[in-house]
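Two complexes are shown next, each including chain A; its partner changes from chain B in the first to chain C in the second.
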Partner chain A sequence: MLENYLPILVLVGIAFAFAVAVVILSRLVGPNKPNDIKLAPYECGMPLLSSARDRFSIKFYIVAVTFIVFDIEVAFLYPWAVVFKQLGWYGAVTMGIFLFVLIVGFVYEWKKGALEWE
Partner chain B sequence: MPEWLIIGLLIVAKLGLIFMVLLTLAAYLVLAERKILGRMQLRPGPNRVGPFGLMQPLADVIKLLTKEDFIPARADKWLFILAPGLAAVTALLTFAVVPFGPPLTLFGHQVPLVVCDLNIGVLFFLGLSSLAVYGMTLGGWASNSKYSLMGAIRGLSQLISYELSMGLALVPVVMLARSFSLTDIVMAQADVPFALVNPLAFLIFLISAVAESKRIPFDLPEAENELVGGFHTEYSGMRFGLFFVGEYINLIILGSMLTVFFLGGWMGPFLPGVVWFSIKVLFVCFFFIWVRGTMPRLRYDQLMHFGWKILLPLSLLNVLLTGALLLWRQG
Partner chain C sequence: MLSILFYLFATVAIFSAFYVTKARNPVNSALCLVTTFICFAVLYITLDAPFMAAIQIIVYAGAIIVLIIFVIMLLNLGTAVKKRYTHALAWGAALSVIMLFITNTFIRRGVPTGKLGDVTTQMIHSYGHTELIGMALFTEFLLPFEIASILLLVAIVGAIILSKRQV
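Now for the complex of A and B:
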């Protein structure tokens, strides 16, 4: 069973070697003359105004939290989908109840305005 | 020769070949995109290097190799180094499960035209596409530049949002094929491709695929004219090259996945399977370029609204409807 994954392991090796090789090659071929200005973060030609380690909108966190809930749901749907026909109506109704609970939460979130970006 | 040696050699030969073909294809896809976009904007596109600009990819590689490759002073050094590699490696790895032709008989051996036909191929694809998000996010965060950070956060939210609809669009496919193996999914489309069986899932997957490829109209993570490149603003030389290669290989992967899941994979009359597969994948890639030449960029609120309020409910509804229809027909 596990030997099925052998080609993938080889491919990981090849891909990784490729990535390392091109970066090393470009280090060898390209020039390397760093100076303070060049190493500073990009700021449209001006001196640095503010740090990048700043606060950003909370909405991105809400998206992440909602994503986790739905992603787990999708992961739960997959095994169900494979044996869907064997399970028949019993499986469909069970999953329907599970989805209903989730959709109620989703509607609540929607109504609360968590999905608004204005 | 002992049996295991033949199998081992076949694996290495196949991997090497696929690797080279993928990289070449990605390089020429860049040229094709520039040419097609050029034509769509009534200009010739690159045509100086070689006949019809055909040597342009080679020139680009040489240029990227001879550029200075530096790490910004404020950057998180190790993550900065790791990120582009992660982006390229995950993109290259995904191709491992794509079946690009029917099994071939070579020297009396059955050679399946897929690196390895995992019985969890669909999950492998989704898992790696989730991992690919890390390349972009870590790269943007580690650069320690506000443009990169903005690009990375935007991209992160966008990719995970559209990943949901993409995953949900695949549930009907798994229901119909009753397998996670991509080869089985293609086999299940011998009569009718799933794009015709379940057009809604096809449409949702197509839109999510464009969003996952971070291309116009969903190119907010790199929006050149406001974020000057977004998450890869601070990258130069071949590190930028790795992001770039990863992006175009990702495009090929998404084209392959659309082909495998919805367009019947290698199935088709008259021509050999590999040819059919290539035609379909290249057509999907052309479609992506076409979209880029046609559409304006979305606003970020429009992007999020569309993903969460339209695509997600629609794909959930599609799962339920497909399930009900399948059971109803079964009786």
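Now for the complex of A and C:
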């Protein structure tokens, strides 16, 4: 059972080793002559307009909450999907009620213009 | 092999949880929390609970962390807070020592792994973890499941009322 996860473990190990190796190698091999322009967050492109540490608009928050709500909805769909055939119509109706309540929320959000960038 | 894995990921989980409280930059704290959650997901897999592991990554390491990072950015906590001694530190230390003592006495008194439930490892292996959760969710715990949808609806409405200029 657990040996099914061995490839994932190997992948995690390779990814970790690669990340550590790249950081160490670039520190060891690469020349280190910093100046102001090189240390800027974007070495090429637009000059900085302001600090990245500004307060963000509350508009982003509604995107985050929407993401969480529908992410959790999807999380509930996984166990439903695997037993869907066993549950039959009973499962379809109970999940239908669940989804209906969330669709009411989705329509409310849509009608209130929360999905638009004002 | 399994115990080596357990100790490896448990150690990483404890260290990253420590850095959640230690890091000066709140965004670093949030990223350390992601590491902790991923280590928990690995521990869930070793406990034959792959669905819990997937949910741990999808909901906690995905959604909850996004919310935490958004709150950090909304509050503008970016500037590092200088460490200062307050009495809260002493109180917190005293409380955690008491907590450790109480937990220790409880663990010594009872069986640390707890009582075995109806669902055995053989059942999980033959029937499947996600299937077991699905059947339990749609038969025994149907009402809490439907109430969860109301909870999510309230979250949507609350977020709109709090963040829209005019509702």
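Keep in mind that, in the parts below, the second predicted complex is superposed on the first by the 100 of 118 C-alpha atoms of A that agree within 3 Å, B and C clash if a C-alpha of one lies under 4 Å from a C-alpha of the other, contacts with A are read in each partner's own complex, and residues count from 1 in each chain.
Heads up, the rule we're going with is that contacts are C-beta pairs under 8 Å (C-beta built on N, C-alpha and C of every residue); 3 or more make two chains touch, one makes a residue touch a chain.
Because the structure is predicted, anything quoted here is derived from the model rather than measured.
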{"item": "First (chain B), second (chain C), both or neither touched by A:L115", "value": "first"}
{"item": "Which superposed partner A:K38 touches (first chain B, second chain C, both, neither)", "value": "first"}
{"item": "Chain B versus chain C as contact partner of A:V29, first or second or both or neither", "value": "first"}
{"item": "Partner chain in contact with A:I97 - chain B first, chain C second, else both or neither", "value": "second"}
{"item": "Partner chain in contact with A:D54 - chain B first, chain C second, else both or neither", "value": "both"}
{"item": "Dominant toucher of chain A (residue count), chain B or chain C", "value": "B"}
{"item": "First (chain B), second (chain C), both or neither touched by A:A19", "value": "first"}
{"item": "Partner chain in contact with A:G88 - chain B first, chain C second, else both or neither", "value": "first"}
{"item": "Contacts on chain A seen with chain B and repeated with chain C across the two complexes", "value": "5, 51-54, 56, 60, 64, 66-67, 71, 74, 78, 82-83, 95, 99, 106, 118"}
{"item": "List of chain B residues in touch with chain A within their complex", "value": "11-12, 14-16, 19, 64-74, 81, 84-85, 88-89, 92-93, 96, 115-119, 122-123, 143-150, 153, 156-157, 160-161, 163-164, 167-168, 171-172, 174-175, 178-180, 228, 233-234, 237-239, 241-242, 300-301, 304-305, 308-309, 312-313, 316, 319-320, 323-324, 326-327, 330"}
{"item": "Chain A partner contacts - residues on chain C that touch it in the complex", "value": "2, 5, 45-46, 48, 51, 54-55, 58-59, 62-64, 66-67, 70-71, 73-76, 78-79, 125, 128, 130-131, 133-135, 137-138, 142, 145-146, 148-150, 152-153, 155-157, 159-160, 162-165, 167"}
{"item": "For the chain A and chain C complex, residues of the former touching the latter", "value": "1-2, 5, 9, 51-56, 58-62, 64-69, 71-76, 78-80, 82-83, 86-87, 90-91, 94-95, 97-99, 101-102, 104-106, 108-109, 112-114, 118"}
{"item": "Chain B contact footprint on chain A (complex, rising order)", "value": "4-8, 10-12, 14-16, 18-20, 22-23, 25-27, 29-34, 36, 38-44, 50-54, 56, 60, 63-64, 66-67, 70-71, 74, 77-78, 81-85, 88-89, 92, 95-96, 99, 103, 106, 110, 115-118"}
